[in-house]
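Please go over the structures that come below.
Two complexes come next, and they have one chain in common, chain A, joined by chain B in the first and chain C in the second.
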Partner chain A sequence: MTDYRVLPGPEHFLPPAAASMGIRLPNPGEAHINGVIASEEKAYEEAARQFLMAKVPTIFPGPLVLWAWNEKAAKKATAIRHLFNTLKECVQPGQKPMLIPMPDYRPKYPKINPEVEINPNHPNLTIWHNKIDCCVFVGVHCHQANLSLKIIRGGTSCYTIAMCAQAGHEDAMLSFRDASVEKIMKLADTIKRLKGTVQPRLSAKNGASN
Partner chain B sequence: MSKERIQISEALYDIMPSDYQDLVKSATYGKEDRGWKDIGTSKELIEQHSLCAGCPESMAFRYILASLPNPEDTVMVGSTGCTSLVFPMVAVHNIHSLFGNQNAIASGLKRALSVRFPGRVKDVVVLAGDGATVDIGLDMTLQAWFRQEKFTTICFDNELYANTGGQESGLMQKGFVAKMAPVGKLFDKVRLPEIARESGCHYVVNCTVSKPSLVEKVIRNAVHIAREIGPTYLQLYTPCILEIGKNSMEGLQEMRDSEKPAERFAYKEYVSEPAKQLLAELAAKDKERKAAAKQLAAQAQAN
Partner chain C sequence: MAETKSVIGTQNKKGQIYTDTWKMMNEAPRTPSFFTGSEVIKEAIRRASCDVMIAYPITPQSEAAALIGELFAEGYIGDYFRGESEFAVMSQCAGAAFGGARVFTTTAGPGTMRAMENFPMWSGARLPIQMIVTCRGINSPLSIQPDTLEIAYLLNTGMLVWHAETAQDFFDWILKGYMVSEEPDVHLPLALCCDGFFVTHTKDVVNLTPADMCLPPYDPYRSPVPCMDMECPPVRMMRDPFVMKSNYISYATHASWQQEIWAAVERSRKHSIHWLNGLIDTENTDADIMIVASGTAVSQGREAIRLLEDEGIRCGLVKVKTIRPWPEEEIREATKNAKHIFVPEFNVTGWLAKEIKATVPNHHRVHAGPHVCGGMTMPPEIIVSEIKTALGMKTFSMAGRGS
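Entry: the complex of A and B
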């Protein structure tokens, strides 16, 4: 067991990989919250609560769902759109949900446009620019998600959630595993269910800090 | 990935940056006779780039990407240098190798692609500077040719190490003084086109990129020959205007001056016998295809 907890940063420029601090991945049917293994049910509630509390809750869909390379990808994209629409319906005035794509992984030179996209090599730019304080990664290849999650934890105070189709991410503050259309829809349902029960952080300092 | 699989999920189409929407809508993936004339009328496979204003290398990049016969099934292998600043903005699969390793990586890649996709044409094109091709990577370059690896090697020859401030390179001309080579080059420019021919390349061209139609022709020939027969090599003069003391507008003239007869980039071409035969067959097929298309168009007009 480890005392290390995966918490919103900024931790420092080179935060340790959570795995190297003893954080382990959840088994099938489980999730982790701040590095502690939890039931999926608890994780849905916590993820929904974080979204409903955030000033700028944001979904970052990656290439695995943005590109319709198979039928499943297209279905997941539809589920993600549903999640975003649900989020928009459930937030209170003053909260600004966003849906920002990560179309590919190439570093963007000479500059990225943080208003319209996020890049795994410098995700902090998009987080800072839009003052995003809670985000979920979905449809991002694991190694690129790990890179992004570490950079975000290192340089921002954004709460990160990973909706991973494989074994989950230690470097996210909350991680699901074996993501599917059903799991994305269930997160949307949970947000709907908790609507109005969570007070947004509107009076606190806006968004992610640097 | 074939063109049919390059589609944006409908549910998230509206959030995709316009570059990507344009690539799907109006890029020339899959177009049989794509070429430099598509520039300006369709989405180019190069977006922005961070090269200097007027850099001939940026022209070369645009012509090459417009001319690749099969961009959706091509992997480009690059090396460290100015080109590596461009590759992130290129909509063709690419790999950045360690400096000089590009031909070794391309060898393994080409073989792996042949095993993984046995029924599909997959082209590999190496694009590196003269330092990577001729100095640091000469071993890998030559060994790939000796082994008859089936890919194209393109050398952007700017006759020095431009990216690091102007050091002497093997392809620098004799006597040239650069910012970080103040004594002047003491020996002749390495004659890599001749070495390529002797090393087993089936198609070798030495030219500048001043004429887009010529670049298109040599790129298509080189890729087709590499696909069917064996290694090909293109040495393209892309002068570094900064390092040779030219202004942004003078790159094109510099190339024109250097391609005059008896100059070092006067057009030179070597085609092996099997490659000549292949080019003749391709030309005949092309003629047939164009005639059939013309006939179809005439019929459609008549109806």
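Entry: the complex of A and C
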């Protein structure tokens, strides 16, 4: 057991990988919230609440869902578009949902365009520029997702969610595992169900801290 | 993510049935066979659905590498060739693994050392290559005899490092090793070590799984990094390498990359416990005296315990199966009652004792020894002698024989 919790940062000059602090990944049928194993039902509700509270809730789709390299990827992409549209329908004036892709894992120098993409080697630039205070990673290879999530936790106060097709991510504040079209749709349904029950934190300082 | 249909129950080109690994390892009938460790490596690889094996001769792994060549000739391995050196072999293994193959290789002693640059590269690239290390002496003057010093050099590479005691361990762990190292949250290379000659060149009864069952094939689409293809060759990752930049974020990215490798080692803990039935095995953990060992030192420790029991001295045993992940909590718990912890080792520096001293409270309890190295055997009597000396009991000196 560990007392460490995976919380919004900025955490440290070089924050630890959560796995090295004793955080364990959920088993099939489970999720984690802040590093504590939770039921998927609870995770859907918490993820939906975080999105509805955020000033700039953002979806970061990665290469696994950006190209129709198989039928399942194409269906997932459609589900992600549905999630984004649901988010846009459910937020209040002043909230600004975004959909920013991670098309490429190579470092982007000398300058990334943070308005159009996010990069796993310097994801904080996109978070800072767009003042993103809640995001979900989906369709990103696990290694690159962990890099991104840890760097975001290190330098921003953004709340991170992972919709992982494999074993999940300890470095996110909330993680699903074995993500499927059904799970993405269920998150959209939960956001729709909780619409109007959560007050957005429009007056609070947003995620672009530091 | 990829739309792969299960192949369980179907046949490969040799007529072997792809079998659920848990069922194959735990429920399928076993046939007792009298084999050398090298022959056991061959039999495990026959069942491992390996795509590529790359070989280079160095004692004491040469026989195993040659036997796997026979498997290639029989059609059980997708590709097999000899590299130009150990360094070349490990680089070629990386290429094959980048391309999505299940890769196997074997090495030993100076070969391990020569290839060393590749191992952190394997880990950093998240390549689940399996490498058998049949440990032998590495220093000048030349020795081909058993010595486990090379394991110490592998401990900080980011590889999983397991240390087999017996040929049976070897057979089971080769197959189970792929299951752990290919998990998407792990996806790291495995150095499966044994004490050369003691395991590779001695015969033992080994219970084999049916030869007509084999592991499911590796699915590279579960990899945590993109599989290499013409759109995503590794060189493109390095077009703007971190190393060429001098700014905070480049350094932080590289640091985070390193942390992720070690996070993956941590994640392997859960899977290793599942497949190996724990990271350690224990006996008599309520005893005042404990022997903690890995590899064939465990066998010698077990025999020393029997000799001590004949003299009315009760002693317990911890068999350390995985060195990475390191079973810190398990060892602390297993030794909590011990007043004395002895760590017999087949190397001169006592790397295992150092790990244990850094793990247990009141580390003055740890006696780093007995040590032998350079190919010496470790008679159980010298373990008994070490223990009795520490307890202030009268003992004998094996070295004192003769005129």
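In this text, the second predicted complex is superposed on the first by the 209 of 210 C-alpha atoms of A that agree within 3 Å, B and C clash if a C-alpha of one lies under 4 Å from a C-alpha of the other, contacts with A are read in each partner's own complex, and residues count from 1 in each chain.
One rule holds for everything that comes next: a residue touches a chain if its C-beta (ideal position, glycine included) is under 8 Å from a C-beta of that chain, and two chains touch if they have at least 3 such contacts.
Model, not experiment: these values are computed from the prediction.
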Contacts of A:107 with chain B and chain C, given as first, second, both or neither: both
Which superposed partner A:201 touches (first chain B, second chain C, both, neither): neither
Partner chain(s) touched by A:49 [first = chain B, second = chain C, both, neither]: neither
First, second, both or neither for A:99, with chain B first and chain C second: first
Touched chain A residues, chain B compared with chain C: C
Which of chain B and chain C A:129 touches, first, second, both or neither: neither
First, second, both or neither for A:61, with chain B first and chain C second: first
Touching partner for A:116 - first (chain B), second (chain C), both, neither: first
Touching partner for A:88 - first (chain B), second (chain C), both, neither: neither
Partner chain(s) touched by A:73 [first = chain B, second = chain C, both, neither]: both
Shared chain A surface residues [contacts with chain B and with chain C]: 73, 106-109
Contact footprint of chain A on chain C as seen in their complex: 1-3, 126, 183-185, 187, 222-226, 236-237, 239-242, 245, 249-250, 252-253, 255-257, 259-260, 262-264, 266-267, 270
List of chain B residues in touch with chain A within their complex: 1, 5-12, 15-17, 20, 48-50, 85, 87-89
In the complex, chain A residues that touch chain C: 14, 16-20, 24-25, 63-64, 70-73, 105-109, 121-122, 124-125, 139, 141-144, 146-147, 150-151, 154, 165-168, 170-171
Interface residues, chain A side, partner chain B - complex: 61, 65-69, 73-74, 77-78, 80-81, 99-101, 103, 106-110, 113, 116-117
